[in-house]
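Okay, so subunit A shows up in both of these, paired with subunit B first and subunit C after.
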Partner chain A sequence: MSAYILSHTKIKNNCLWHNGKLITQHSKTDNYISFLEESYKSLNLSYPKFFKMDVLSKLGILCAEQILVDKNISQFSKEKTAIVLSNKNSSLQTDIAYSKTMSDFPSPSLFVYTLPNIVTGEISIKHKITGENAFFIEPVFNAELLHNYTELLLQESDAVLCGWLNVDEKACEGFLYFVAKQTTKDEKKINFIKHNPNSITQLYIN
Partner chain B sequence: MENLIENLKKQIIEQLNLAEVKPGDIDPSAPLFGEGLGLDSIDALELIVLLEKNYGLKIQEPKDAKHIFQSVKTLAEYITSQKK
Partner chain C sequence: MQNHTFNGIAYCTSVIENKLLDSTFVQQTKSNPKEFTRLEKMCILSVQDVITHSNIDVKNKRTLFIFSTTKGNIDLLENNTPEIPEDRIYLHKIAQVISTYFGFANKPMVVSNACISGLLVIIIAKRLLTDNQYDNIIVTGADVVSTFTLSGFNSLGALSNQVCKPFDKNRTGINLGEAVASVLVNNQQKEDSIEIVSACSANDANHISGPSRTGEGLYKCLQKVLANSIVPDFINAHGTATEFNDEMESIAFNRAGLQNTPTNSLKGYYGHTLGAAGVLESIFCAESLRQGKIIASTGFENQGTSVAINIITKTESKKSTSCLKTASGFGGCNASVLYKLN
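Then we have the complex of A and B:
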């Protein structure tokens, strides 16, 4: 079975790239939360729930949006699209924020984000994806793990949204890519990337 | 009552992170849940926190919550009635 990476998005250093093209950049702020909210506005997304989400979910929604609204991607069956995500810090920033509210009035809206895989749920809800999902905690970005798990899932699924979404005190980093075992009719028009650990690593680094 | 309604609008926007909503957008008589502001079950919990944190009020009878949280106006009426 041959699988290909059809699309990829990265958020790092207050820049958002889609398929290697810079989509939005906010050099005026070093606050990554402001960057995510400014990006939401500049991309004209209409999803008020975005502002209620924790940073990890905001990061995931912004990365996934670039990939999943593409007409080459949206034609894939939502029932047969899986999601495999990973990060280093789990939901730690939200856990800390929630713990700070516990001495006064524990916040229900923070509590619901005190698991890292909530972001997979938020992406699934917004894009009506109902396939398998998994979230791995790894000390560093692990292309081999994502590759191997995705290849397993592709035995039953048509496509997988994969990647790395990490938030810490000083920065956030998002890298999502879409893998499919079946190419689209436009295959010849687009330079699809072979799905293997090396190509995933190259996309993550570059 | 009008001052209380305006304060409640601001507090609801802040507590529920309704970043794209302005106080003037909220019709005091419009339903808070389902239609109107379209709030969900987590928002309902946040409204309970708001009542306790800002007004020192706890809803004693859960069955009363449906009416109290019907709109900003009913919420204001409940707060006013508890202060008497």
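Then we have the complex of A and C:
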């Protein structure tokens, strides 16, 4: 079985890239939250629920949107598409935000975001994806782990949305990519990248 | 289970006494209890037990340690514990501390996927073993009761002030509990080993903090794990005793034709142990199969879901060869595993 990376997005240093192309950029601000909200506006996503989400979910929704609205990607069975994500900080920034409300008025709307896989749920809801889930915690981006588990899932799933979504005090970093074992009918429109730890690392670094 | 109050709110929980934990820890490990958090001490005791009983070599490259938790050392956010370095708030750091303590050759794998975490790591272990990547995998699920989780579930109105009553008409919510549970998963078939026949996870794609009204994700899991046509002799459900969870589960079980299969939730005995639940309750499934017993679903009196399921009301001897374990969690995640006694 051969698997390919059909599409990838990255958010880093207040830039949003899709398949290597710069989509949005906000150099004026180093505030990553306002960058995410500006990006939402410039991409014309009409999904008001976005503003209720924590930063991790906002980051994931923006990265996933680029990949999943693509016609070549949306043709894959939503039931047989898995989501495998990873990060270092789990939901720590939101945990801290919630814990600050605890002594006063504990906020249920913050508490529901105090798990790393809530972003998996948000992406699943927006794109109706109902396949396998896993959220791994790693000290740094680990291409080997994601590659290995994705290959195992592809024995039963058609496709996997994978990546790294991490938020800390100073920055947020998102890298998502879509892996499928089947090539699409419309092969010419996409640059196929062979799915291996090396190619994943290259996409993550560059 | 004991009654407590917190910020004026009455709740019921099951916790492990610090004194007992520390004395057991010192006795079993001869290590300094101040160097570890409560969760870490529980993890070390649990993993040590598996290593001692199984005699596996943790220094072998074909041995893996997988750690699952939802909130790890979240109590470090509130407690002032100068002996514990700040970076122990990171989940991977906890796994590393445990791994270093035992000297595992491989770096640990860490999974945090809400309340399916414990069951999900068993599923992941099965996949890694089926692919022959390891010989032995120690899987640990861990979570403690913290002010953070108590406050959070209370803010959602989900905490019950009495012993929880899964699937009952008068259920009023969950009891938080704490546990660390570990199992060894490998490819060796022994006389009383429990086989993981089939396993999977699925997402509802419906709501981040409430289950699908139609039990969509869980139903998808059940269809997959039961595709090999083994009908389970009993089901150990997630059964948190919230209105929505239990309702969702009973709908999913009905849709899968499991409405007559004897079903229990054991959370009325020890509470909802979050990331530990899947491992802990899989151990209860295994022991039920081995000892030929089905355990009463404590707290259940009257059918409390819109469609009926067959709740076990009396613990009794009953020879069973297979059982289904399910779990569901925030983020719309669901998991199920079919176990079989060899």
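One rule holds for everything that comes next: the second predicted complex is superposed on the first by the 204 of 206 C-alpha atoms of A that agree within 3 Å, B and C clash if a C-alpha of one lies under 4 Å from a C-alpha of the other, contacts with A are read in each partner's own complex, and residues count from 1 in each chain.
The rule is simple: a contact is a pair of C-beta atoms (placed from the backbone, for glycine too) under 8 Å apart; a residue touches a chain by one contact, two chains touch by 3 or more.
This is a predicted model, so every value here is computed, not measured.
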Once the structures are superposed on A, label A:I96 by its partner contacts, choosing first (subunit B), second (subunit C), both or neither. second
Of the two partner chains, subunit B (first) and subunit C (second), which one does A:V112 touch, if any: first, second, both, or neither? both
Which partner, once the models are overlaid, touches more of subunit A's residues, subunit C or subunit B? C
Report for A:E79: first if it touches subunit B alone, second if subunit C alone, otherwise both or neither. second
Quick check on the superposed pair: does A:L145 touch subunit B, subunit C, both, or neither? Answer first, second, both or neither. second
Which superposed partner A:F51 touches (first subunit B, second subunit C, both, neither): first
Please work out whether A:P197 is in contact with subunit B alone, subunit C alone, both, or neither, and reply first, second, both or neither. neither
Using the superposition on A, tell me which residues of subunit A are in contact with subunit B and, in the other complex, with subunit C. 107-108, 112
Quick check on the complex: what are the subunit A residues that touch subunit B? 37, 48, 51-52, 104-105, 107-109, 112
For subunit C, which residues count as touching subunit A in their complex? 70-72, 74, 77-78, 89-93, 95-96, 109-114, 116, 120, 124, 127-128, 131, 133, 147-148, 151-156, 200-209, 216-217, 220, 329-333
Interface residues, subunit B side, partner subunit A - complex: 16-21, 42-43, 45-46, 49, 52-53
Residues of subunit A defined as touching subunit C within the complex: 78-79, 83, 88-90, 92, 95-96, 98-99, 102, 106-108, 111-122, 124-125, 127-139, 145, 148-149, 152-153, 156
